[in-house]
Amino acid sequence: MMLEVRDLHALYGKSHILQGVDLAVDEGEIVSLLGRNGVGRSTACKAIMGLVPPVGQIRFKGRSIAGLRPDQIAHAGIGYVPEDRQVFPSLTVKQNLELGLKRAGVFGRWKFDDVFALFPNLGERRDNPAGVLSGGEQQMLTMCRTLMGDPDLVIIDEPTEGLAPRLVEQVGRLLDEIARRGTAILLVEQKLTIALKISHRLYVMGHGRIVFSGSPAELTANTAIRKEWLEV
Amino acid sequence: MEVFVVSLLNGLVYGMLLFMLASGLTLILSMMGVLNFAHASAYMLGAYFAYTISLYVGFWPALIVAPVLCGLVGAAIEMWGLRRVHRHGHIAELLFTFGVALIIEKAVQMTWGLLPVPYRVPELLDFPLFRIYGTQFPAYRAFMLLISALMFGAIWLGLTRTRVGLVIQAALTHPDMASALGHNVPRIFTLVFAAGTALAGLAGVIGGNYQVTEPAMAFTMGPIVFVVVVFGGLGSLTGCFIASILMGLIQTFAVVFDVSLADLLAKFGITVTASTPFAEILTVTLPRIGALLPFLMMVLILVFRPRGLMGTRDT
Amino acid sequence: MRARSGISILLGLVLAIAGMGGASAQQTIKVAYTDPLSGPFAQVGDANLKQMQYIIDFINAKGGALGKKFELVPFDNKSQPSDALIALKSATDQNMPFIMQCSGSNIAAALIDGVNKHNDRNPDNRIIYLNCGAVAPELTNEQCSFWHFRFDLHAAMKAEVMVRALPKETTKVYLINQDYLFGQSVQRELRTYLAKLRPDVQIVGDELIPLGKIKDFSPYITKIKASGAQALMTGNWGPDMNLLIKAGIDAGADLRYYTFYAHLAGGPTAIGAGGDGRVLSVMSFGENVAPELGNKEAEEFTKGFRDKHKFDFSAAGYRTIFEYLQAAVNKAGAVDATKIAFALEGMTIRDFLGFETTMRKDDHQLISEYFVGSFKKGVKYDAENTGLGWATAATVLAKDVDQPNTCKMKRPR
Amino acid sequence: MSAPAIELRDVRKSFGPTEIIRGVNLAIPRGERHAVIGPNGAGKTTLFNLISGRFPISSGTITVNGKSTAGLPPQEINRLGLSRSFQITSIFPRMTVFENIRCGLLWSRGYRYSFWHLLGGQKALNAEVDRLLDRLKLGDRRNVQAGLLSYAEQRALEIGITIAGGADIILLDEPTAGMSHSETDAAVELIRGVSEGKTLLMVEHDMSVVFGLADRISVLVYGEVIASDTPAAIRGNAAVQEAYLGTIAA
Amino acid sequence: MSLLRRNWLWLLALVVLLAFPFLFYDWAKGRHSGFALTLMSEIGVMAIFALSFNMLMGQAGLLSFGHAVLFGLGAYCAAHVVNLVKAGTIWLPTELVPLAGGLGGLFFGFVLGWLATKQRATAFAMITMGLGELVSAAALMFMGFFGGEGGITIDRVMDTSLLGVRYTSPWQVYCLVLAWAFIAAALMRLQTQTPLGRMANAARDNFERAQFVGYDPRRIRWIQFTLAGFFAGIGGGLYVLIYEIVTFDTVSAAKSANALLAVYIGGTGAFFGPILGTIVVVLLQSGVSLLSNAWLLYVGVLFIVMVMYAPIGLVGLIGLHAPIWRAGRLRELLLPYLRALPPALMVLLGFVLLVELTSFTTIGAAQGKHFAIAGRTIDTTSPLPWGIALVALGLGALWLRREARAFRLRWDALMEDAKRQAGAS
C-alpha cells in the first residue's frame, strides 16, 4: 500500500474528532471516503496532510510521515485540495498554478497547457486575478494547482460542493483524467453517484470511525449502511 | 509656487523614507499579525551599523552590509524568539518585541554611547545637486529618493515576479494552503521578518545621516511608522506607499499654510477673541499641529474604515 | 541609608550586586543630583554627571567645605516630575542638604513646589534646591522660593543676550520655537527684547513647532527662505534643533542660526562642518574662552577634563555652583540648609574666569557674565572632534543682564 | 391568522461575483418545527446567517415575528425573539458552564448593561440557570470552564445558550454534527423538549434527526429551495434524491 | 462574622500594608521614610491604574495603548478641583478629591470611548495609541487646562478634611491612598460580578455570540471603557494628592506602557494579578533605577523571559500550584525548588555582573563612576570579574538545566497524582 493510516486520532481543541481511523490507498487507486457532514472526513484529510496534529500511524511509501510539516509531506508526494477552494486571490491564474510546482520550472505529469486544454476558461483568464473567478472555476483551479506539483496521491476534499450540475460533470472528467495519468486519489465525497462511478474502493465514515469498507458493488448492495450513514 | 515645488520635493523625500520603514512593517504585520515594536529599533541599528562600518571601509559597503546585518538580527529574533511566543497570542508577541526594543536601545547606548555619533553623508554625495528658486536641493536627497524608489521597485518586482514573492503573497492569505503545496511557510515567515528588518535597516543607513544618529531615534520614529502602516491598510503595499507619501506631503504642506480654525470661522463672520470658549484650540495654527495630523487621520480612518486606505482586511 | 538598605534587602541580590557609588562615609556633604539618566534624554544627564564629578573632585582637592568633602548622589528621574519628587524624598530621608537639577523647567517647577512644601512641613530636615539649568523665567519670578537658587541665566536674560549679539546689519529675523512653556517663553522674550533693543529689526516669521515630533525640517527652511530672513532665532534643543540646523545647511540657506543650546553635548556632532561660521549659541562657558582671555589657570582646568575624558567640557560653569556652595557652607559654619541658604543670598564670587558674579538676594538668580559662541574652524579647542569649535563672538557682562524681577521672596524666620 | 414567525421573500445574497442564495421564499408558521436540508455548499448556513442578521441580505425581505429585519444588527433581531446556535461551536470558552448559560439569560431578564446588580445575589436568576442546566444534563459540570467540556457537552451548551433567553423562534445550525449515536439521541430529546410550543428552524444532516423532529422540511440546493413539504413527501421526492445523491443513472 | 471570614485576605493585606512602612521608620529621628512611603503610595496608585487597565485588557480583551490618557485627564480634573476648593469657589472634602478625578476620567472615558470602542482588537489598540499621542501633544500646547510644561500644581493641605487631617505628612497621604486603593479595588472586583462585567468577559471570549444573546458588544465596550476611565481617574486624583503636581507625562505613552507591563507581568488570570505586577514594575523602575544604570535592560530581559516562558503571568505561575496544593503535597516541591535556587541565582548573578561590567565599561566610566560591590571597587578592565561572570553564567545555565529537568519530572508526577486524586473524589 502506498498510503497506510492506522488508528488515527485527532483532536480539535477538546473535541475528539477522529477516534481511530484505519484506511489505505494503493498506487493508482481511486478511493472514496464517504460520510455525512461533521463525521470527521475533512479532519482525516488534514491530519494526513499534517495540518491538524495527528496521533497514530501514517505511512506513505513505507515511510512514516506523522509529525512532519505539511510542506515536507507535500514533498513526499501527497497533494491536497481543501474543500474551501483556497485560491490565492491576488495572484493570477497562472501564478496560482506556478505555486503548485514544487520547484520552479520542474514539471511532472501536468503542464500549463494540459490544464488550459482541459479548462479553456482558465486558459482565457490565465492573467486575471484568481479572486474574480467564479466558484466553479476556482474549484478547477485549486485542483489543477495541486496537480502541478505532480503528487503520487492527491487528497481531494469535496470537489463538487456547491457546484452546479454542469460543473459537477467537469469535476468528474478531471478525476478521470487524473486517474488516467496514474495518480492515486483519495476522494472525500457526499455525492454517492460520482463516488460509486469512479472509485475502486470506498470507505464510509461515521462518528470519527470507518464504518464500512468495500467495493462500489458491495456498497450498492448494502442498503443498511447507505440508509444509516449516507442517504436521506 | 516656489514654496509649493520645494515643499513637494521635501514631502516626497520624507514620504519615501517613511515608506522604506513602513514597507517592512506592513509585510510583517499583514503576514504574521505581529505589531513589531522593534521595527524602528532596526532602523536605528541600521544607522549605527552603517556608521561603524563606514568608519572602516566607507559608506558604500555599509549600504549593503548594514541592512544584511539587520536582516540577520531580524532572522534571529524571529527564529529564536517570536516563533516560540507565537502560540501565546498577539499581545505576547507585541510585548516580546517591546522587550526587544528596550534591549536594543540599551545595547546601542552601551555600545555607542548616549550622544549622537558623527555619521555623515558620504563626500561623493555631499554637494547641492541643483538649485530651485534659490534653494539648494542636496544630492543626498536625490540619492535617498533614488534608493527608496529602487527599493520600491525591487519589492514590487520581488513580490510579483519572483517565486518567493508569490509564495509570500500566497502565505499572506492562506498559509495552510501554501504549506500544503510544499512551501516551507515558517521559513517564509523568517524570511519576511528578516527582509522587513533589513529594509528598516536600509532606511536607517540612508536616513541616519540625513537625520541624526542617536539612541533616541528609534523612539521618535516608532509611532509614525505604525500610523503609516495602519492608515495604508493591512496587506497592501500600495496602500502603504500611498500612505507614506501622503503623510510626507501632509506634514510638509501643513507647515506652509498658516491658518487656524479661527481664520475659518472669520470667513463666516465669527471673530474669536481670548474670551471665546475654546479660544486656545480655535487659534491653533496648522503648522503647530502638522506633525499631529497623521495621528488624527489614523484615528479617524480606523473609526470609520477599519481596513485603512487600501487594506484587504480589518486592522 | 536605612530606607535604601531596606529596599535592597527587599529586592534581593540583583540590587545588592548593582550597588554603586562606593563606600559612603558620613563625613561627606551629599548633593543629590537628579536628571534623566536613562531613556531618550539620557545624554543630558550623562554629560552633566561626568562634568560635575570632575568639578567636585577639583573642589574636594581644594579642601571641600568645613573639612568635609562633597559627594554627588545621582538619581534617575527619567524626565518625569514624579520620579524627581521620589528622588527628593529619598534625598531628604538621608538628610542631604542639597538637591540639584539641570534639565527641564517642568521638573524644576515640581521640585520648587516639592521643596517648599517639604521644608514647611519638616522644619528640622530642610533641603536647598540648586537649579543648574532650568531656565523658565517664572521660576525666579512668580514662583520664586527661598529654597531655590538658580545658577544659570533664565530664558529672558538669555534672550536679551542673544538680541544684544545680533549684528547691526541683520534686520530680518525669523523665530522658531518649541510649542511648550519654555519655547513659548523664549518666543515672548525674544519679541520683547527685539522690540526694546533693536526696533530696526523686523520679525518676518514666528513659528511654534510641536515638541520632538518633527522629523524633517525642510518645509520650515523653505518657508524661512521665502520670508527673506537673515537670521533664525531659536530656543530649540535636542533633535528639534539639530534637525533644524541640518536641514537649513543642507538646503544651502543663507542664514545665521542663533541658538541657546547648539553648544551642548551632541549639538556640534549633529551640525558638522556645514555650520562653519553660521551657528551661534548663547552659553555660560566655552572652552576657548579661557585661552582667548589668556587665563592659563582656567585653561588648565578645562584641559584637564578633556585629557581625562576625551570629551568636551561645556559645563565648566558648574564650577561656580560648587564654589558658591563651598563658600556658603563655610560661611554658615554648619551643614544646615537654612543657614546655608541665608549665606548664599547676596553672595558675591569672582568666578574662575575672573568675572564678578552675584547670587541676587531678591530672587536667588545668579547674575554672571555670559557668552555668545560662534561655531568656527581654526579655534584652539574644537568641539566633539569635529574640527570646529566655539569662538567667543560676544561677551555680555553681569550688569547688562541685570533684569528686574517680580519676586516676592518669603524668608523663614 | 397571525403573521408567520419567519418569512423570507425573494431573498438573495451574493459574495463578490458569486450568488450564494438565489431568491429564497419561505414562510414558517408559528409553532412549527422546520428543517432545512440540502447538500454541502447549498447555502444553508448562509441562509441562517441572513435570517439572524450576521450578514446583510443583497435583496429581498426577511420578517421575524412580522417585523422586517432590514438593517437590524444581530442583537436587535435577537430582541425580536429569535435566537440561534452555530454549526461551529460558539460558546464563551473561558467562562464556566453556569456563566455561559447565565449570559444567555441576562438580556431577556432585563439586566441589560447593569453594573449595579451583583449577580451572586440574583437568587431567582441563578435558580433558573440551574434548572436549565439540569434540563441540559450539565448540572454536574456547572463550574467547569466551558472550553474544557467534551464536544458533545459543548454542543449541548451551545443549544442551552441559544434557548436560555426564552426566544420563541429558535434557529439551530446542525445541532448534532459530530455527535455519536447515543449523544445524538439525547440531543434530539433535548431539542424536542426545549422547542415545545416554539418555532424551530434547523439545518441538519443526520436524517434520523430531521425525520424524527421536523414537521416540515425544505430542501435547499444551489441557493434555491427546490421543495418544501412534509417529511413523507420529501422522502418520496425524486428531485430531492437526485440533488442529494446525484443521479445514479448519470 | 461571615463577612469577616470571607474577606480575611483583604483585612490581612490592609494590616500588612499599614504596618509595612514601619520597617523603614527612622526611630532615631522619629520620622517615616518619605521615600518608602512615596514609593508605596505610588504602588497604590499604579495598582488602581493597572486594575482599571485590566478592566479593559483582562476583562474585555481590549488592548489599550492610551490608558494613561484617562488617568492623566482625571488627575488634571482633580488638580483643578483642588485649586477651586482652595480658592473657595467650591467645597469638597480632601478625602473626596480622588472622586473628582474619577468623574473626570468617567467623562473623558465616555467621550474618547465613543471613538475608540467603535472597533476592537488591533484597530482599537491603534485608535487608543493615536488618541494617546494627540492628548499628550495637546497637554504641552494648551496652557489653559494643562498648564503647559510646568503642569498644574496644588497644595493638598486644605481645611476641608472630613476627618480633620491636614495631610501634611506622607504618612497621612499614604493612609488615604490605601483607603482609596481598597475601595477602588473592591469596587472593581465587585464590578466583575455584575451583568456588565460578565458580558464584557463574554464579548471578550466571543463577541459574535454576545450579539446573538441580545447584547451590543460595542455598547458593552463603551460602558466598560467609561467605567475603566472612572477608576483610572480615581488613580489620577490620588496621584495629584501624593505629588501635588500633575504634568503632561501623566498622559504619556510611557505611563500607558507601565500599566500594560504591570498587568502582563502580574497576569490577567486572577483579579490580583495586576497588583502583583504593579509592585514588580514600580520596584524595578523606582528601586533598581536608583542602583543600576542598566535597569532598562533588566526590564527588557524580564519581559522577554516572561513572555517566552510564563505568558500566564506571576499569578498564573502561582495558580499552577493550586492542584498540588489542594492535594496537600506542596511541601514535596520545596526540595526541588531549593535545589533549583542556587543555579538560578548563579545564572542571575553571572548575567547581572556581565551587564553591569559592560555598562560600567562604557557608560559608567564615561560618567566617572566606579563599579563597587560592598564598598570594594571593581576594576572593569581586568579579566577576573569578566571571567567570573561568564563562568557563573555558563556553569549556572548548565546546572540549572539539569535541575530544571529533575524539577519537571517531579512536577509532572505530582500533577498526575493530584489530577487522579481530584478525579477520584
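First chain written, first letter: the chains are A, B, C, D and E, and each begins at residue 1.
In this text, a residue touches a chain if its C-beta (ideal position, glycine included) is under 8 Å from a C-beta of that chain, and two chains touch if they have at least 3 such contacts.
Here the structure is a predicted model, which is why all the values come from computation and not from measurement.
Counted as hops between touching chains, the shortest connection from chain B to chain D is 2. Number of steps on the shortest path from chain D to chain E, with steps defined by chain touch: 1. Between the chains C-E lie more C-beta contact pairs than between any other two chains. When you average the Cα atoms of each chain and compare centres, the chain farthest from chain D turns out to be C.
When chain centres are set by their Cα atoms, the one at the greatest distance from chain A is C.
For the pair chain A and chain E, the distance between C-alpha centroids works out to 53 Å.
Inter-chain spacing, taken between the CA centroids of chain A and chain B, is 44 Å. Chain D has its Cα centroid 73 Å from the Cα centroid of chain C.
Mean C-alpha position of chain B lies 32 Å from that of chain E.
Among all residues of chain B, those that touch two or more other chains are 109, 114, 288-289, 291-292. Those residues of chain E in touch with two or more other chains are numbered 137, 141, 143, 294, 296, 363, 366. Under the contact definition stated at the top, the residues of chain C that touch 2 or more other chains are 46, 179, 210, 213. Pairs of chains meeting the touch criterion are A-B, A-D, B-C, B-E, C-E, D-E. Chain C makes touch with chain B in their complex at residues 40-43, 46-47, 179, 207-210, 212-216, 218-223, 225-226, 239, 242-243, 246, 250-253, 265-266, 269-270, 272, 384-386.
Residues of chain B touching chain A in their complex: 163, 166-167, 169-170, 172-174, 176-186, 312. Within the complex formed with chain E, the chain D residues making contact are 52, 54, 73-75, 78-79, 83-84, 86, 90-95, 99, 102-104, 106-108, 111-120, 161-162, 164-165. Partner chain D is touched in their complex by these residues of chain E: 190-191, 193-199, 201-202, 204-206, 208-216, 219-220, 223, 227.
Within the complex formed with chain C, the chain B residues making contact are 2-3, 6-7, 10-11, 13-14, 17, 109, 114-118, 120, 128, 131, 134-138, 140-141, 211-212, 214-216, 219-221, 224, 248, 251-253, 255-256, 287-292.
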